[in-house]
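Look for chain A in each of the two complexes below; its partner is chain B in the first and chain C in the second.
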Partner chain A sequence: MTFKRMLRIITAWIVVLTFFFPIYYWTTVAFKNAKEIFDVPPRILDFTPTLANFEKVFGISFGFGFGSQATVTPGGGNFYMAPRLWDTIVVAVGSTLGAVVIATLAAYALSRIRFRGRHQFVAWVLSTRMMPPVAVAVPMFFIYKEFRLLDTYIGVILIHTIMNLPLAVLLLKSFFDDIPHEIDESAMIDGSTRWQIFVRLILPMSRGGIAATAVLCFIFSWTEFLFVLTLTQTGLKTVPVVSSSFVTSIGTAWGNMAALGAASIIPAFIFILLVQKHLVRGLTMGSLKQ
Partner chain B sequence: MDSLKKQYLAQVTDKYVKGEIGRRSFLRNAAKLGLGVGALAYGMTGRPFLKTALASDLKPSSDVMSWLRDVGKPFAGTTLKLATESTPPSNAIATQLKQYFEEASGIRIEIEVLPLEQVLQKLTLDVASSLGTYDLYYIDQSWAASFSRDVFDPREQYADNSDLAMPNYNMDDFLPALVDGIAKYEDRWVGVPYDIPIFIMIYRKDIYEKLGLQAPKTLDQLYQNSRAITEEMGPSMYGTSGQMKSGHYSLECDWTAWLWGHGGSIFGPDGKFTGNDSAGLAAMDYWTKLEKTMPPGVHGWTWDGQGQSVAQGVAASMLSWGEFFPYFDDPNSTKVSGLCEAVVPPNPISLRTVSQTGYGEIPGVGHQGGSSLAVSRYSKNVDAAWIFMQWATCADTQALITALGGGTGPTRTSVYDDPRVKANARVGAGTTRHLDVVRETIASHMGSEPDLPEWAEISSDTIPVALGKYFAGDYSSPKALMDDVKKQVDSIIEG
Partner chain C sequence: MLKKRNWVLSDHPLPWLFPLVSVLVVFTIYPLIYNIWLSFHEYSTRKRRLIEVGWDNWSQLLEDQRFWDSLTVTFSYFIIALLIELVLGLAIAMLLDADEPTFKFLRGLLTMTLVIPPAITGMMFLLMEDPQFGVISFVLNELGILDSTTPILATPSTALAGVLLAEIWQWTPFMVLIFLAGLRSLPQEPFEAAMIDGANSWQIFNKLTLPMMSKVIAIAVLIRGIDLFRVFDYVFVMTSGGPGTSTYSLSLYSWQQTFSFVKWGYGATLSLVTLIIVLITANLFIKIMRIKW
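Let's look at the complex of A and B:
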């Protein structure tokens, strides 16, 4: 093994460990009892694992039931969060589906159909991402109140879909642009309609791009904080917002927060694994133009 | 088993668990209660047994339930909303007590638990829109002035709605000092006092005894004790701890305790900032000295880190929120269960009177936090919300909150003497053995922040940011710091 190769491997391990260690440490906090969490020096490997934090957050002994858990810890709150994880999954999947479906149609139109002001339209789509979300949050609160969308799944899914649409449209447009126009033209000569070309040719060919877009939309929705905080009350909450409720007036329930955090990685991880084979290709596919 | 028996059993058990009495003596004492061998199991298992036994007895009074059934009928089916910080009273209501209210009254209550700054955001939005998305407001004492016109004065509600008034609700039972410090702005009550975190002195009795120290009665003793511990036992143990995170409200809380304790005040009678006078500078000198006896991480800690530093055995004392004490006694969560003692805050070097300060500021080393509960003027369900508010803050519910919610300080005089609360005055999670100290601190040592609409900004941003910069070395001296703070604060008030 050459020195260069050795150096490359060592560097790769350092990079991987740098990214992996915080996740590992956070996960160990979820399995530690309250006394061990603050041990100095920190216990990296030699701790007594416990499921107590998961028990409180997910009610394991209740078979992951979705009922209410009437327990109160001294000074602490009700940290039963299984329904909140479910809320997060519903919102992330719903908004990802919404954004990808709408963005695919819009991006194809922008890529293939020539109409007046097309370039300005693309610039306008991009500009909607430039406005800071906090500037929109308060007006959205008023609109939602008027339309009775506050504190509803459909309301949060809608705002996340709107939030993700510009990025999804631009990303998918670049993927569609990479598919040679000659394919469309040949199909048209063979008698296919625009819709048939889109469904039977373009969509299957851009699976990688759609998967990459879906992953990004999913992650943005999974981690979004501001809109969920502003537009929900007691009906639903997603993991990022509900994580802050572990901060109580007499301190932070770190073990419970870590348990929810560690568990909330799993659905996102599964989603990414499912589309992984498309992901790398998709992420690089749009980077080169013909 | 009545409460006195329980209290006696709890004391005897504490002694047995701590090894102060033997098994024979424990059984003899238990036999006096007619418990015999069964008590041994209690002694062995300790807290869980007590918890279960108490929990089964802790039910709302039948009078209160009967009133709820009568008065709630016309409002059955109404849903109320409350956004609140995760505090012991709110948590006890949300998880254990609201079921009783809902069953009896037919009124549903939805409680949204959020960190304090998010509660403020929600309330501000609700007030700005006048939409009444929340029927009840949880109002931190520092926001009282800002929301004073957006809520009903509970005295008026009580007088104007005799049909809905809870019998024996007794507004005079609220500790007068808390009404002034938490719930009053000018001549109005901005709700009723709901919870009361207040600075008390908590110290490690074992360490103090080991080094031959006495619980600090003066600020100088606190410094001398802390220095002695840090020199003797550091770096594994430090004399005291702080909540000194730059830019955080907690840093301002610490500052006021030292400022008031040195005879200073935030404002003078003319409404101008006075933290830069000689008393203010003496306080900064003291704090700068004391900070050297604290653990190195103290500049990154709010009350959370400060509490953990004592809970995990890194610091031997803290002048901080009394709500921590029941947590420290929890053997499952901390390393100091049974080792801490509570005393009133050290005596001040001198103390200004209220008339020597501005905006109703009350100097005192026992910095008082806390919140009030009020009915929103924008609520569409004012009467139902008023019923809930009376129930949530009546003496019976407060006693249950204190017993179930982990020894939080009650805001009513009568609750401190309630047998259900007294019964929990033993070592263990959710203890109430510190409540006598809390009560005395409220009566004789309480310091309360000024009430002015700009206070939320000044206390949560202007002052803690400048103090953080000082401890980071950005100011050449305490005088340079305080002169700069004066300039900023006076300019905010002048608009």
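Let's look at the complex of A and C:
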């Protein structure tokens, strides 16, 4: 091993671990008791781990708590978050399904059927991705109020579906474009209709791409803040929005907050690791193929 | 040809596009028209209803110092974050562009920041930048960079930097992953030829890597740029725009006018301004850089 190569490996590890440090630090906060969080200098390695924060946030007693079980939390407030986690899951799954179903149909047409104004149509879909959420959320608030959609699952699922549609359409189009047209043509000569080609050939052949699209839609809905903040009041709330409610008049329940944060990252991280192969294509809305 | 000419199976794109077009019209065109209509009205707290005000909301923009402040904040945020994420992203991507067995793992670790809700990132940086017990404040104090009496997020001169820290931390890996994929797919021959010709590493970077990566860089800048310009989550949870107007972004200002100050018409006008700036800039960029979808 040359010196240069060694230096590169060490630098790379230092840089990446620096980026990883905040995540590590929050995780330690989630396992610290209320006193240790406020210690100066901040405790990086020497703390007594406790599950008290997770027990409070998720309302479960783990029963095998190691170390101290002190559950002194500053401030009042209701930090029982299991229902909010459920809200987040319902919204994310619902809007992912909606976006993927609508987008596969549209992406197929954009990839296979030649019609006038196709490029303008793609540009229009892309431009809806550029709309600032605030420019949509403000009018949507009044419209939702009119139609009694505020504070409903269906309302939030709808708006997250719309939010994810441009990404889903453009990404799926790029995956469908990868499938050679000869396959469609030979099936058509055999007498298949477009619909049969779509269901029996295109969909199965782009399983990986559809999965990657679904994962990204799920993550964007999972992490979305402004729409949920605006379009819900007292009913449902998703995890990102509820995170700011940990700030109370007496102080911020950092331990509970960190426990919720740590728990909310895990499912999304597992999903994204499953589609690593298509990650960059997804992040660039299908314009860069890995 | 044995094609059936009925509505669902026809070659016309409409049946396929119908669901997409209908939801996009309802949820983007209709709000847009509603917004434009709203920008010519204002909620009157006395009459308890919307009244027509003509161009008042639009002319108010010109005199509203808070609007110009928020525009300055949004532009500074946009430029600083984009530049740092771009340079840092490219540097780290080049560092990781090697066939080392452990680098795959490091790449996976970097992916992690992308799945964290920005609001939670904001809350956690709020904790880490706490003047009393925050780990970042502590380190900066120890290094003598920051006076221990200066709370990062409550001091006008440092608040924006404090928010940018969260932003840059979360999204530099986005750039790294895209650039890394770009670098990995570059052909090797030009680089080998340049090495043989005795080019130094700066020449190789400047004359080979950068031009060959220009498309990748343009796309990354476009996608991150769109999101940077409408920053909301970080400023909302970390500073609510303060202290003063030092972190007051355009999106936040527009949202607050509508929901905190019941200025529905003015809030809509501000959100339209944000929309117009993003649409024009992004479409110009797409044209100039010839980005194709």
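Rule of thumb we're sticking to: the second predicted complex is superposed on the first by the 242 of 290 C-alpha atoms of A that agree within 3 Å, B and C clash if a C-alpha of one lies under 4 Å from a C-alpha of the other, contacts with A are read in each partner's own complex, and residues count from 1 in each chain.
To be clear about the criterion, a residue touches a chain if its C-beta (ideal position, glycine included) is under 8 Å from a C-beta of that chain, and two chains touch if they have at least 3 such contacts.
Just so we're clear, the structure is a prediction, and the values are computed from it rather than from any experiment.
When both complexes are overlaid on chain A, the residue A:Leu150 reaches chain B alone and has no touch with chain C.
Look at A:Ala30: by the touch rule set out above, it reaches neither chain B nor chain C.
In the superposition on chain A, contact of A:Phe38 is made with both chain B and chain C.
By the touch criterion defined above, A:Leu171 reaches neither chain B nor chain C. In the superposition on chain A, contact of A:Pro139 is made with chain C only, not with chain B. Touch criterion met: A:Thr223 reaches chain C, while chain B stays clear of it. In the superposed three-chain model, the partner touching more residues of chain A is C, compared with the other of chain B and chain C. Within the superposed three-chain model, A:Ile250 lies in touch with chain B and out of touch with chain C [touch as defined at top].
Of the two partner chains, neither chain B nor chain C is touched by A:Ile179.
Once the two complexes are overlaid on the shared chain, A:Ala211 sits clear of chain B and of chain C alike. Put simply, chain A uses residues 38-40, 138, 141-142, 229-230, 244, 252 to touch chain B in one complex and chain C in the other. Those residues of chain B that touch chain A in the shared complex are 81, 83, 85-88, 90-92, 94-96, 99, 110-116, 118, 121, 125, 129, 131, 133-134, 195, 197, 303-304, 307-308, 311-312, 314, 321, 323-324, 326-327, 330, 332-335, 404-408, 429-430. Chain C makes touch with chain A in their complex at residues 1-4, 8-13, 16-17, 19-20, 23-24, 27-28, 30-32, 34-35, 38, 92, 95-96, 98, 100, 102-103, 106, 108-120, 123-128, 132-135, 138, 169, 172-174, 177-178, 181-182, 185, 216, 219-220, 223, 226, 229-230, 232-233, 236-237, 251, 254-255, 258-259, 264, 267-268, 271-272, 274-275, 278-279, 282-283, 291-293. Of all residues in chain A, those touching chain B in their complex are 33-35, 38-40, 69-78, 138, 141-142, 145, 150, 229-230, 233-234, 244-245, 247-252. By the touch criterion given at the top, residues 5, 8-9, 11-13, 15-16, 19-20, 22-23, 25-26, 29, 37-42, 44, 101-103, 105-106, 108-110, 113, 115, 121-143, 158-159, 161-162, 165, 169-170, 173, 188, 191, 193-195, 219, 222-226, 229-230, 239-241, 243-244, 246, 252, 254, 257-258, 260-261, 264-265, 268-269, 271-273, 276, 279-280, 283-288, 290 of chain A touch chain C in their complex.
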